[in-house]
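Before we start, here is the structure in question, set down as structure tokens.
All chains are identified by letter, namely A, B, C and D, in their written order; residue positions are counted from 1 within each chain.
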Amino acid sequence: MTADLSGLDLGQRIQQKFPDAVVDARPEWTEVRADRLVEVCTFLRDDPELNFQYLSSLTGVDRLDHFEVVYHLLSIGRNQASTLKARCHDHENPEVPSVVSVWRGAHLQERETFDLMGIRFRGHPDLRRVFLWEGFPGHPLRKDWLNFPGGQMAGLERFPGEPGGKLEGRG
Amino acid sequence: MKTEPFVVSFGPQHPSTHGVFRMRLTLDGEQITDLDMVIGYLHRSMEKLAEERSFTQNIPFTDRTDYISAMTGNLAYVLAAEKLCGIEPPERAQWLRVIMSELQRFASHSMAVGFLANDCGAWQTPIMHMLRDREKVLDLFEMACGARLTTNYMRIGGLSRDIPPEFMPAARKLIAELPKRMDEYEDLLLENEIIVIRSRGIGVLPAELAIASSVSGPMLRGSGVAWDIRKADPYAAYDKIDFDICVGTNGDVYDRFLVRLAEMRQSIRILEQALDMIPAGPVHAQIATATVQPEGVPSAPLALRPPAGEAYGRIESPRGELGFYVVSDGGPAPYRFHIRSPSYINLTPLKEMVVGMTVADAVMILGSVDIVLGEVDR
Amino acid sequence: MEDTGSIVGFWLLAALTVGSALGVVAVRNLIRAVVLLITSFLGVAGLYITLSADFVAVVQVLIYAGAISVLILFAIMLTPLASRDNAETFLQVPGLLLAGLVAFTIGFVSLETDWSVAERGGFEETASAIGEALLSKYVLPFELASVLLLVAMLGAILLVRPEGSSTEE
Amino acid sequence: MPFDPSTGSGLRAGPILAEWYDLRDLGNAVGAFLDWIRDQGAPDWVPYVVSGLIGVVAILLWVILSQLAFIWIERRVIGRMQARIGPNRVGPQGLLQPIADTIKLFLKEAITSRKVDRALFWAGPVLIFMPALAVLAVIPFGSGMFLTDLNVGVLFVIAVASVNTVAVFVAGWASNNKFALLGAMRTVAMLISYELIQVLALLGVVLFAGSMRMGAVVDWQSDFNTWVLFLQPLAFIAFIIASAVEIGRSPMDISEAESEIVASYHTEYSGIKFGFFYAAEYIAAFAVCAIIVTLYLGGWTAWGLEEWVPGWLLFLGKLYLTFFLFVWTRGTLPRLRIDQLMAFAWKFLLPLVLLNVLVTGAEVLIWREGDLSAGLALPIFGAVNAGLAVALILGWATFMGHMRPEHRAKRAVLTRSWARYITLHRPRQTSP
């Protein structure tokens, strides 16, 4: 069974090495400062006890006021998994450093996140849109994409048929 | 002698790009010097669509990402959703999930192997034989859930329905005749001189590069890394079943090919055990208690409001690690719905594998990655 | 050359040969020029047949139309795109003069010489006679030619070998 | 006057219906018809032209019918090999399917894209048709059933087939399509290599028969009651392989590898222009099978069976059997890569056929100089050559590394524990 390395534990280990890097740690995940990301990731990959040499998944989440980039890490040798997060506060121009230099597997995933979410990955060798064509208006996975009037957003407010007003978005 | 570079656009309409995938190859004679992937011809923005639909309504999307193996797509998503809601499906459902995903793996691998031989130039014969078996598997699916391709069988907390009584005899009959077929295929394909010289040493992916590139599934195992989520992180009822991980040694096209063939045999082995060990009982958990329901809303499984949080569910799909990252804000629909699709991420080292090879090899290498464009583009 | 068939055939083939040869010079597109050249070769092969030289005719088709022309095609393919047309050249006038001179000389010689006309031969097997001649009387030139070809082939391989690779891979 | 099969002279005079056998043999019927014309007092050139016309029309008709039959046979046989039925809806057993396809091809729009070289684009389908048909001029379909029996028939066959190269190149170039150009280049490189093998393989036949005349080769086989196949097994195999390359049959269908370069040189062709390429492929198959039957399988003779069965029927029977061989390989084998195919020609087949020519020359010399009787010499030569073929093929294959472990099949490693083969050092840094 793949052990889920607790985010608190992971945060502590990172704290020992980089005292100022950890922003927040929960049992499910650890959040690190975006500008220290590459160093932290290199450490996570090379540290023999952590050994996260496999980047399982990389994606972004639009939290309305900021963006989160979520890294699901996996250690094949030790069979343990953990989740790392980085936050970009600038909602208009989100930018985090690219981890392609650490995990080659981030290459296409960062391109995808850039394409759909609009997060720029600094230092990515080939940051182009991947699914949508150049010149596509906006980034569709952002909650404010298309800017519906009245601050309405994508999403379900309630189930169809559930009592309430006219069905609108989550906004 | 210096010659002009020659740019060829492979696809999106090409007999062996397995869909609408496009490779822009820069050639020097027949040799490839550069590769640029152009993806997105089948992009349907499923991740955005899923934010507008309730958790249960999203299950049909998971059929349509990897339409060659819909069952595993269902399973990965419901695992993530169950993790999020904290639901434990009943035992019989777990075993049926194993049976369905192994049948699906067999069907999917037989397509992959057959089409790889097709890419190698075998004029339809292997794929036709493979499709014959796949049809029988699809017949079983039709029995179980009424659909052959887009099954929509799994539910959060179990399955949509139990299997009909005629399913078990039919499945046993199929499983009994498959080992003989496998012998035939191994003779026909693995021992084939031309396939051996065409695929040995082609598209070599070293183990370190494979891991660094987040490659998964038969590609990772073909490179010699014994990593199988069914063993390493058993889900459903895999921890109660005896089976082996199939590993290659060189990481070339041939190794991926034989890993798939060997996994087909392992699937048969798992199915033999699962068909004997499956218990009786309900196939769906009572999940109303596990969800947060507002006042006056009927507590039906369809009206599922998971607590705020996030979950990442991963399974070993025929193509590799299929993961669903689901974020909930307590509403009826996922706040964020991300698919970690193995087909897409397995394409990461394609350039390294293809550059330096010839055009004919490029087709084989792409075939050995075994992409499904519905899953690459989503 | 007494029966009508031969004469008609000769003139048709001659027209084909000379016409397509002229086309080779006049056409701008190099690939088309090669196709016309092949037509010309085929015409020459036809002329050989009217001379009862069936072996030479077939060899003409095999080697010139089948092999040499393909070599030329390959050479064209390997040159950059820009030079695939017959470009303007300042040598036009001298070339024309030279061609006229050669044509005049050949015409003069062929008209003025007192040709000895051979008996009209039948359609005999010429292959064995050619084989005899090549391997007995002309064996030295034959072997020399093959050595020359071998040297040419080695030279070609040396020329096209990629820079810096001193040993065979 | 009764028919004398040994001279192949045909009917000289007398009513056509004199003997039952004559009715069946088309060659005799035509001969009788020509004699009748001569008897009417027509000038000399009339029967000459008429016989030529009859021959051309007969060959064309038969080739086109055969081509349709070939398509049907191939689709049905491969269907059977692939565990499916094949065309079975149009006409009885789907027999009319090829005709329906032809009609469809006629009715389809022949698209010419804007940037093609129009003249050459039109010339391509015509050029590819000509050599395949021209080869049939020298094939003896039965006794006296040939358009012309050239002195250098064997060489003619090769020479005409080599023009095919040009046609393919022209089609590929004129299409202005990169797949077409790639395919054309591949085809040209391949055909040049395998022409050599073909010539050398045929040299053995010519050495034995002592003539390059197709009719003479058939007569020689019938005289000595043997087929060249038994005397020249190595050359036969080499010739079959080279022919498969020539007509683009799998496993050598690299020139039109549909999974790699779409349809190669006929990618841009549609409608009846594509139909021409499609038909030319089968006509070339017909021609190649005809050559193989004539030179290696005794042509229209079969150890005296031709006395009872019309020769042309025997010929066609053998021809269809030979074609089955090509269908079989297409149904079962995957495709080689271009460099492997070229290496196979130059490194594997060429030394073998060269050796074969040497051995055959020696045998013919021994036969002539040693004054051996055919009954003694030919079985010995056959046995020697067969043994030599097996030994050479196996020996040379071993020498070329065929039995090396990297060329042999292997099986996947099975393990129970995850992460066993893992290498824990740092991943290789690669620039994406």
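Note that a contact is a pair of C-beta atoms (placed from the backbone, for glycine too) under 8 Å apart; a residue touches a chain by one contact, two chains touch by 3 or more.
Bear in mind the structure is a predicted one, so any value in this text is a computation, not a measurement.
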{"item": "Chain located farthest away, centre of subunit B as origin (C-alpha)", "value": "C"}
{"item": "Between A-B and C-D, the pair with more C-beta contacts", "value": "A-B"}
{"item": "Gap in Å, rounded to a whole number, between the CA centres of subunit D and subunit C", "value": "29"}
{"item": "Whole-Å separation of chain centres (CA-atom averages), subunit B against subunit C", "value": "61"}
{"item": "Subunit A and subunit B, separation of their C-alpha mean positions in angstrom", "value": "24"}
{"item": "Averaged-CA centre spacing for the pair subunit C and subunit A, given as whole angstrom", "value": "71"}
{"item": "Multi-partner residues of subunit B (each touching 2 or more other chains)", "value": "209, 211-212, 225, 227, 232"}
{"item": "Multi-chain contact sites of subunit D, meaning residues that touch two or more partners", "value": "418-419, 422, 426-427, 430, 432"}
{"item": "Overlap residues in subunit A, where contacts from two or more other chains coincide", "value": "53, 76, 79, 103-104, 107"}
{"item": "Subunit A-touching residues of subunit B, taken from the complex the two chains share", "value": "39-40, 43, 45, 47-48, 51-54, 209, 211-215, 225, 227, 229, 232-234, 239, 296-297, 302-303, 309-310, 312, 314, 321, 323, 325, 327, 331-333, 335-336, 338, 340, 344-345, 347-349, 377-378"}
{"item": "Subunit D contact footprint on subunit B (complex, rising order)", "value": "6-9, 14-16, 27, 30, 117-125, 128-129, 132, 190-198, 200-201, 206-209, 211-212, 224-228, 231-232, 244-249, 255, 258-259, 261-262, 351-352, 358-361, 363"}
{"item": "In the complex with subunit D, residue positions of subunit C that touch it", "value": "29, 31-32, 35, 38, 42, 54-55, 58-59, 61-62, 65-67, 69-70, 73-74, 77, 123-127"}
{"item": "For the subunit D and subunit B complex, residues of the former touching the latter", "value": "78, 81-84, 178-179, 182, 186, 250-251, 253-254, 257-262, 330-340, 406-423, 425-428, 430, 432"}
{"item": "Residues of subunit A touching subunit B in the complex", "value": "1-2, 28, 53-57, 59, 61-62, 70, 72, 76, 79, 81, 83, 103-109, 112, 116, 129-133, 140-141, 145, 154-159, 162-163, 170"}
